[in-house]
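Each of the two complexes below includes subunit A, the first together with subunit B, the second together with subunit C.
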Partner chain A sequence: MQRFKWLVPTLYIIFLMLPIYWLLNMSFKTTNEILGTFSLWPREFTLENYRTIFTDSTWYNGYFNSITYVVLNTVISVTVALPAAYAFSRYRFLGDKHLFFWLLTNRMAPPAVFALPFFQLYSAVGLFDTPLAVALAHALFNIPLAVWILEGFMSGIPRELDDTAYVDGYSFPRFFFKIFIPTIASGIGVTAFFTFMFSWVELLLAKTLTSVAAKPIAATMTKTASTSGYELGLLAAAGVLTIIPGAIVIYFVRNYIAKGFAMGRV
Partner chain B sequence: MAHITLQDLKHSYNERPEDDDDWALKHLSFECEDGGAYALLGPSGCGKTTLLNIISGLLIPTEGRVLFDGKDVTGLMPDQRNIAQVFQFPVVYDTMSVYDNLAFPLRNRGLAGEAVDQRVRQIAAMIDLTDTLHQRAAGLSADGKQKISLGRGLVRADVNVIMFDEPLTVIDPHLKWQLRSKLKELHQQVGTTMIYVTHDQTEALTFADKVVVMYDGAVVQIGTPVELFEKPQHTFVGHFIGSPGMNILSCELDNGKPVLAGEVISANPIKQTPPTGTNLEIGIRPEFIHFAKSGLAVKIVRTSDAGHFSIVETLHKDQSIKLLVPEGAEIPTENAFIEFDKAHTQIYADSQIIT
Partner chain C sequence: MAAKIKNQKAWFFVMPVVLLVAFNAVIPLMTVVNYSVQETFGNNLFFWQGIGWFEQVLNSERFQSSLGRQIVFTSIILAIEIPLGIAIALAMPRKGVGVSVCLVLMALPLLIPWNVVGSMWNIFALPEIGLLGKALNSLGFDYNFTRQPLSAWFTVILMDVWHWTSLVVLLAYAGLCSIPDAYYQAARIDGASRWAIFRFIQLPKMKRVLTIAVLLRFMDSFMIYTEPFVLTGGGPGNTTTFLSIDLVKTALGQFDLGPAAAMSLIYFLIVLLVSWVFYTLMMKDEVE
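Moving on to the complex of A and B:
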């Protein structure tokens, strides 16, 4: 038995990596090779797909738009959720527990439910087809989640920390920014990660609320299949590039996420 | 350093307190003299921490005033009161080093450079933190962190009052002694007013010049350790302080003399005859009872050895009486009689002393 200990993890990793490898593999092939032959590695190695993405503005603008609204959304969500979570963790007020629970109601319905109202509303106020529109729409789902995660981290910090800082001569704003926020930095990291992820992978709202100027990369990817025949190599390259931002973000918060899971809030 | 006056304090955590149980503090007034070492002693939930937080300004009392040196500070925020407070559980600023933690209160008051460094090193030496000064505070053990909390409380020399809220709960027993005597020593050196909250009578009695005993949101007695021991003003004090606590025996009065199950007991004279119907009790500490040739006839129930003395539990009629017998003294087995030390026999009416 001892000799085959490596077997299960190896198989697991192979299954895990196979789709990613295949995507990578495809991204270096020409569309003809993808459609014509079955090859485990590119026969005619080409970087043409990547070159297209980095030079064609409809492609790289997609990334640019996506990253803009995702970052905007993360910043809005965390900024709004921080004071809210502080209030829920430190103060008792009428109906606080109910409010805290019902914050999650927006997450009880699929985003599609809100697509039409958002579309109508944003068209009316002139926000349609802007990164801010998507960021705000995603904030509807992300702020409650962010409040929940942050509240968990904040409640893990004893109240006495607040009290000690006041006694030691800090006012509330100084305490909040200079001591409290650095203390829950890992919680903020985890929260930012989850809001980032939701916004980065969400397609329906992002697609509905944009047309040309703020079109996200995921929307671009769904359309290319039908314009000039099949461009599978190009799509694969776009897919590879879409994985990268998520991978970078998850790398930075990998240690904190375990902590977040341990608190049962994530 | 300041003289602290608490005037008619009342506090409730309910917004609209209705009955008596809604009050965490029920009418409380007392004064702490400048430079005194005070201990607030009482069981958990009696309002000690509430009182402490009112003095430090973390809570605003529902009614009443707090005065520092005659100046009303009831409405001031904690950072304006110039105080230090150490909490029960370690509170450290995780993101700073031990050194910065200790320097934090000093820097917030505008001190800098050499003055900070000197004071921090002095305090660190006192609480054995010199070796870890430049480590990150987050990596220390619980008692290491609590030492930082203590150090941060002590680091400023110019505070009005330093308050300790059961600061040694998480500290190892052998270190407790050491830190307590260090605190005492520091108090004698700098003479800052100190208030020490605890539910441990040994801590209170060894640390403080004056002990404030609290029970159910009210102060039942303020006194020196000796006063608390010899003349408890309330049966709760008698019971709570001392090990074992005071014997509280229900009795009746006959011509101003207490009668315990038919036998007249000689006790301190009564100052004022209580109205009929009050619940009367005799209070006598086990230390002040001894075996005698005649007196109260008792049955011995149990003897337990406690080092230099034995605790003997006896039964007179149906009331249990404990007494302390020095090591080596003879304990009768049959026909035992006990005698109360008259000067230390007190009488209580509805739990309040009347002798």
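Moving on to the complex of A and C:
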């Protein structure tokens, strides 16, 4: 039985790859071929779908918008979560446990609940249809997550590190930036990965908070799918292009992910 | 580990997080509470309604059936993904290049935008031009997910298994990797069976990460919106209209603010309650 153990992950990975292969396959086909014949690989290989995306500004702006708010969100979440996670891992203070749970409850809030109030709130403060609005809205669930993961990493570092630094005459800010942050660099990497991931895949809030100027790529796709009939090839090509950033990010952090999961957080 | 120092100044460190999250959570939540107890006839005129909307929502057949569908869906998802995830994690290689390859390929579905997951499965499952649809039909199954409720459910569940089982695998795998070799050696000396090793060494060691896996899968499958919305639009009929889809239809589609707000609060409370039970169980283990 042990000899056939490799079969299980292999079959699972094949199952995972099938829909992705089909998407890739469709993206290289012409609309005629998609609707006319059933073929396992493109007979009339074409790059036309990709050319449309790279030359039409409504398409490629969608990518810029998405990347902008995802990066903004990652920067905001990690920056504010760092001191907070430090406080939770090192100190006891009034209401700390309640505060921690309250933060986590925001990870449990269904985005659908917040869609309408967010729309009104961000319209009222004049941020509607800007990448910043989406970045701030995604902070609702990403900041609690970032605090949670970072707190896990920081608690794994002994207090002696802090004490030694103070004895050596380091001030708190100098200790924090010169010693502490480099020590938990891998933790920051894992945190950035997860905030990036959850902001990149979310659509409901991103779509609700934007209309034209800051429209994310995912919303451009939904519109194409519903208005211009069935341009499946174009839709498939756009889908393939949204997988690439994720794949690149996974490749770079692959060793950290296992470590991050091993911390039992996330 | 040294005990934490009591220091009220730590509040200054938490302040930015509290302010940002409060801006995002408290104001919208109060808006929802506000709507849930008032009736509006437009023109920004509001009238006190009390708990009327809550009664209406709780008694409406529409909410009850969405909630029922949601519970059935989440139960099926947990029943499939958790055991499957554990089984795959157990079979994964522990060292060598295989580990990296497995991790990278398995994590891929997790990083695909949710609407793309929906579109991808739409294209994959179309009866005439999709690989899955064509294959099932040529095998003799009468399969069409836009027309038949059963096919639609099958597709939505298969899609979610495809999308999220990897999360369980990664978590379970991390739990397995943290078991020292000495445990296995001791088991071998005792002549423990494969099942005994799983039951008494691996499962207890994975308990913590599995609790997190169950919690995450519960929360996210209970809040699922984008993937089924893109795939089936909640149809055919209302057969795959889950809570979030129903809520967005009521709030942003029909602008029935009162009922939508009442429904939001009930929905949020359910997720919160179940998650709180999990969280307490989890934290209890940590103390022990």
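Methods note: the second predicted complex is superposed on the first by the 253 of 266 C-alpha atoms of A that agree within 3 Å, B and C clash if a C-alpha of one lies under 4 Å from a C-alpha of the other, contacts with A are read in each partner's own complex, and residues count from 1 in each chain.
We adopt the following convention: a residue touches a chain if its C-beta (ideal position, glycine included) is under 8 Å from a C-beta of that chain, and two chains touch if they have at least 3 such contacts.
If you're wondering where the values come from, they're calculated on a predicted model, not measured in any experiment.
Student: So, on subunit A, is it clash or fit between subunit B and subunit C?
Tutor: fit
Student: Examine A:179 and indicate which partner it touches, taking first as subunit B and second as subunit C; both and neither are also allowed.
Tutor: Once the two structures are laid over each other on A, A:179 reaches subunit B alone.
Student: Is A:208 contacted by the first partner subunit B, the second partner subunit C, both or neither?
Tutor: second
Student: For the overlaid structures, how many degrees, to the nearest 10, lie between subunit B and subunit C at the C-alpha centre of subunit A?
Tutor: The three centres form an angle at subunit A of 90 degrees.
Student: Pick one for A:158: touches subunit B only (first), subunit C only (second), both, or neither.
Tutor: both
Student: Does the superposition put A:19 against subunit B (first), subunit C (second), both, or neither?
Tutor: A:19 contacts subunit C only, not subunit B.
Student: What is the contact status of A:170 with respect to subunit B (first) and subunit C (second): first, second, both, or neither?
Tutor: first
Student: After the superposition on A, what does A:242 contact: first (subunit B), second (subunit C), both or neither?
Tutor: The answer is second: A:242 touches subunit C but not subunit B.
Student: Going by the contact rule set out at the top, does A:136 touch subunit B (first), subunit C (second), both, or neither?
Tutor: A:136: touches subunit C, not subunit B.
Student: See if subunit A has more residues touched by subunit B or by subunit C, and give me that chain.
Tutor: C
Student: After the superposition, pull out the minimum Cα separation from subunit B to subunit C in whole angstrom, please.
Tutor: Distance of closest C-alpha approach: 8 Å.
Student: Using the superposition on chain A as set up above, list the residues of subunit A that contact both subunit B and subunit C.
Tutor: 158, 160
Student: Quick check: in the complex, which residue numbers of subunit A touch subunit B?
Tutor: 158, 160-161, 163-171, 179, 182-183, 185
Student: What residues of subunit B sit close enough to touch subunit A in their complex?
Tutor: The touching residues are 53, 56-58, 77-79, 83-85, 87-89, 91, 93-95, 104-105, 108-109, 149, 152.
Student: What residues on subunit A touch subunit C, complex-wise?
Tutor: By the definition above, subunit A touches subunit C via 5-9, 12-13, 15-20, 22-23, 26, 34-35, 38, 40, 76, 80-81, 83-84, 86-88, 90-94, 96, 99, 101, 103-118, 120-121, 136-137, 139-140, 143-144, 147, 155, 158-160, 197, 200-204, 208, 217-218, 221-222, 225, 232, 235-236, 239, 242-243, 245-247, 249-251, 254-255, 257-258, 261-262, 264-266.
Student: Mind listing the subunit C positions that touch subunit A in their complex?
Tutor: 1-2, 4-11, 13-14, 16-18, 20-21, 23-25, 27-29, 31-32, 87-88, 91-93, 98-100, 102-116, 119-121, 123-124, 128-132, 134, 162, 165-166, 169-171, 173-175, 177-178, 208-209, 212, 219, 222-223, 225-226, 230, 243-244, 247-248, 251-252, 257, 260, 264-265, 267-268, 271-272, 275-276, 279
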